[in-house]
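Pasting the structures here.
Two complexes, one shared chain (chain A), two partners (chain B, chain C).
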Partner chain A sequence: MIKAENLSFSYESEGAEVKVFENLNIEIKDGEFVAVLGHNGSGKSTFAKHLNAILVPKSGKVTVYGIDTADESRIFELRKNVGMVFQNPDNQIVATVVEEDVAFGLENLGVPRDEMRQRVDEALNTVRMYGYRKHAPHLLSGGQKQRVAIAGILAMEPRCIVLDEPTAMLDPIGRDEVMETIRRLNREKGITIVLITHYMDEAVKADRCIVMDRGRIVMDDSPQNIFPRVEEVRALGLDVPQATELVWELKRRGLNVETGALRSAQAVEAILKMYENERTK
Partner chain B sequence: MLRDITLGQYYNTSSPLHDMDPRTKILGVIFYMVVLFMASSVWEYALAALFTAFVIKLSRVPISFITRGLKPLVMIMGFTLALNLLMTSTGNELFHWWIFRVTDDGVALAVKMAVRLVLLVMGTSLLTLTTSPIALTGGIERLLSPLSRIGVPSHEIAMMMSIALRFIPTIMEETDKIIKAQTSRGADFESGNLIQRVKAMIPILVPLFAGAFRRADELAVAMECRCYNGGAGRTSLRELRFRRIDAMALIVGVVLLAAMIGLKILAAGGIA
Partner chain C sequence: MIELKNVTYTYNKNEPSARVALSDVSLKLDDGDFLGLIGHTGSGKSTLMQIVAGLLPPPQGSVSVDGRDYADYKSAARELRKKVGLVFQYPEHQLFEETVYKDIAFGPKNQKLTGDEIDERVREAARRVRLDSGLLEKSPFDLSGGQKRRVAIAGVVAMKPEVLILDEPTAGLDPAGRDELLNMLGELHRDWRRTIILVSHSMEDIARTVKTAAVMNNGKLVMNGPVEEIFSRGAELRTMGLNTPQISRIVDGLIDAGLPLSRRIFTVKAAADEIEKIVRSKR
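This part shows the complex of A and B:
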């Protein structure tokens, strides 16, 4: 369980204090898939950095699996449990060979060689990059590099993975590869996922969305309950998924369609149902 | 393309030389250089050349690949050749031109220096041709590790080298992008004299450095997130193992050194 209590953070810029957020309270349960949304400057990335003590609270408290993130003596235990994947895949790959990079975290933890070999191979298999284990990372595609970065975290056997806009620099294919991998880790391995994103089509795949605006949590609910509130979401400077937007626009223009679709298949279903109703009338 | 450049030109194949422990190869190169600089008579050079040919054959690296490495050194070699040829004043005069006197000693010295340089470059380039960069840094780390007791940061040196190697292609790609971006804005890198061209590099270097610092910062955070804490208590996926082939290589090295010393004693005996 991850728990933030009365969390506040600010930084100084040209002598003035800039508050990122104040009195934030968030609780994330084990095995949850949470998407954190918000436009630039909402504090979502700063919040993510509190989860494995890259930043420590200015006031308030973050407890991750019973470890207080401000406790420096347990920082490695904390980071072993909470892995982090960043936006730019190039800037988080350390080694010149894929498998060496996946082993980096394990080498740091002093894992014996035989066990390391096994965990590296397993992690590479999970992200489906085993065939590339001897490759040079700079020759891989963005999606592949990001999967290698995920494997590097996975090998450390974390209970939670925080991903800070992992698909922002990828093409649509790479984005799908990464999202598919994340979802599988959540479903099959029960790893808690905290996904920071501004792609709404990714957010709908989460169990729960937390919407942040200027350092406050303004919505915290399932995507099914959040996105149909199109006007509210838009007022926060966010988009809604395309499927949601389509049925909402149809409804607004006077068609008797059911709103609330999140994926294109659901939109298709709603529209077909509308025709069905028209005919039987 | 820029991104295909590999530093040190590793030639990927399988050979006894590729199989050796990087530590053996690094020590071997040091050994080889000592032997090469000991050589002075024609026989000693012949021995060194023979050994070089043997090792090249053993490495299964095509000879054209190795001679390619000599090209950038043509200038230096030409300069050394000319200097030795023209500046040696001992020995019998062969011919005279303006203020220069070319002697038989000078010719001999120039040829020897050229041969020494060629052998040196060919022999040492085999180290990088047969050892992948990551194995090389691993070998250097282990060789330097006894020195960490007297304060040499051996792990940090190796880590810096391997990160540098990792980022060469990335930075190359970025340079390529910046050049294209600046060219599309009308920057001119091709015309003008030397000073103008150097000045034209500034719009490339500034964003490149800014980008490199940003990358360094992000990488440092990513490394910390993966529990990086310096060299203490670290294990390694790559195993360095001293095998029979390494022992054999070292024995060959000792034999070579003994042969070289033998030749020297023989030569000295001949004079006496």
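This part shows the complex of A and C:
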């Protein structure tokens, strides 16, 4: 369980205090897949950095699996449990061979050689990059690099992975690869996922979406309940999936269609049903 | 006007690592065009744009500029570099001056313009990219991501290129920043009347911003024409690793189920209009 209680954070700029957020309260349960949304400057990345003590609370408290993130003596234990993946794949690679990059964290922990070998192989298999274990990371695609970065974290056997816009610099193929990997880690390994993203097609895959605006949580619900609130979501500077927008727009024009679709197939189904109803009327 | 005929380009030619990045590509850019260029990573779109900008060693094939054929690419490239301004991906990483003003002035200064001319260029460029003049004396590093990117674009606009190429200009921006930037580009094209090429793998961005587009796949130019024609070939695009907008997939699904819709729909509004029409005609 991850828990932020009355969390506040601010920084100084030109002598003035800029508040990022104040009295934030969030609870994330084990095994949840949570998307955190919000326009730039809403505080979502700053929040994410509090989950493995890259930042520590100015006031309030963050507890991660019983560890207070402000407790410096437990920082290794904390970071073993909560791994973080960033936006730019090139900034996260440290070694010249893929498997050495994945082993980097374990080497620092002094894990015995045999166990290290086993954990690295398993992590690479999980992200479907085992075939590339001897390759040079700089020759991989963006999506492959991000999966190597994820493998490096997996090798530490974390309970939670926080990803800060991991697909922002990737092309559509790379984005699909990374999203598929994230989903599999959540469903099959039960790893808690906190995904910061601007892409609504990624957010709809989460169990829960937290929407931030100017340092406050303004929505916290399932994507099924959030996105059909089209006008509110847009007013927060976010997109809605085109499927949601289409049925919402038809309803607004006075057609008797069921709203709430998130995916193409759901929109197709709702529109066909409306079409049939009109015909048999 | 820039025309490439049967251009082929190979990286590391004569080496074991040789890789053909462009093969037999022909492309004509008329003055005032607003073209979208689509393709996944490695499709050759960046190589193509660098050739248009005169930045690579000579390719095979021929290049003509404003109706003049050049015997060798080297002299064509000299013309192209004068004519074409290229905004790279994440251009804000290249900002370096103390103030926004100085950063935008960097290009015009190198063009050996007078102080007054430079000043005029900077202010005009800032206005064209919708950068508030109050920001000119600020440090570029104090601006938001979207603002920084517009400063970088203004730096190229200030050199008054006849052709402006932008490589993934919305990458990494949030939805509001992306909307603002695309609207700005639409207005820039409308008011400035110069050629603009928008390179992107976001089909949504292309669909809402330009009217004609070209698609690259495996080093070849595989489609070139009106956007509605390109999006009506959704299945083909998907085999090239490109994602058509979700709305095209919905329309395809409805057509497959027997609804009389056109495949040339790629915006939510157009889809809603057509669906509303066929439902109301049933009543």
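Following the convention adopted for this analysis, the second predicted complex is superposed on the first by the 281 of 281 C-alpha atoms of A that agree within 3 Å, B and C clash if a C-alpha of one lies under 4 Å from a C-alpha of the other, contacts with A are read in each partner's own complex, and residues count from 1 in each chain.
Here is the rule we go by: a residue touches a chain if its C-beta (ideal position, glycine included) is under 8 Å from a C-beta of that chain, and two chains touch if they have at least 3 such contacts.
Remember, it's a predicted structure, so these values are computed and weren't measured experimentally.
Participant: May I ask you to decide whether A:Arg79 touches chain B, chain C, both, or neither, giving the answer as first, second, both or neither?
Facilitator: A:Arg79 sits against chain B, while chain C stays out of touch.
Participant: Should A:Val120 be classified as contacting the first partner (chain B), the second (chain C), both, or neither?
Facilitator: So A:Val120 only meets chain B here.
Participant: After lining up the shared chain so the two structures overlap, which partner does A:Pro172 touch, if you call chain B first and chain C second: first, second, both or neither?
Facilitator: After superposing on A, A:Pro172 lies in contact with chain C but is clear of chain B.
Participant: Once the structures are superposed on A, label A:His198 by its partner contacts, choosing first (chain B), second (chain C), both or neither.
Facilitator: A:His198 contacts chain C only, not chain B.
Participant: A:Arg208 in the overlay: touching chain B, chain C, both, or neither? Say first, second, both or neither.
Facilitator: Once the two structures are laid over each other on A, A:Arg208 reaches no partner at all.
Participant: Could you tell me if A:Ala95 is touching chain B, chain C, both of them or neither one (first, second, both, neither)?
Facilitator: The first partner, chain B, only.
Participant: Under the touch definition given earlier, write down the residues of chain B that touch chain A in their complex.
Facilitator: Per the touch definition, chain B meets chain A at residues 3, 132-134, 162-163, 165-166, 169-170, 173, 214-215, 218-219, 221-229, 233-239.
Participant: Residues of chain A touching chain B in their complex?
Facilitator: 52, 54, 76, 79-80, 83-84, 86, 88, 90-97, 99-100, 103-113, 116-117, 120, 136-139, 152-153, 156
Participant: Mind listing the chain A positions that touch chain C in their complex?
Facilitator: Listed in rising order, the residues of chain A that touch chain C are 39-41, 87, 141-142, 165, 168-169, 171-174, 198, 201, 237-239, 241-243, 245-246, 249-250, 253, 255, 264-265, 267-268, 271-272, 274-275, 278-279, 281.
Participant: In the complex, go through chain C and note every residue touching chain A.
Facilitator: 40-42, 144-146, 171-177, 201, 241-243, 245-247, 249-250, 253-254, 257, 259, 268-269, 271-272, 275-276, 278-279, 282-283
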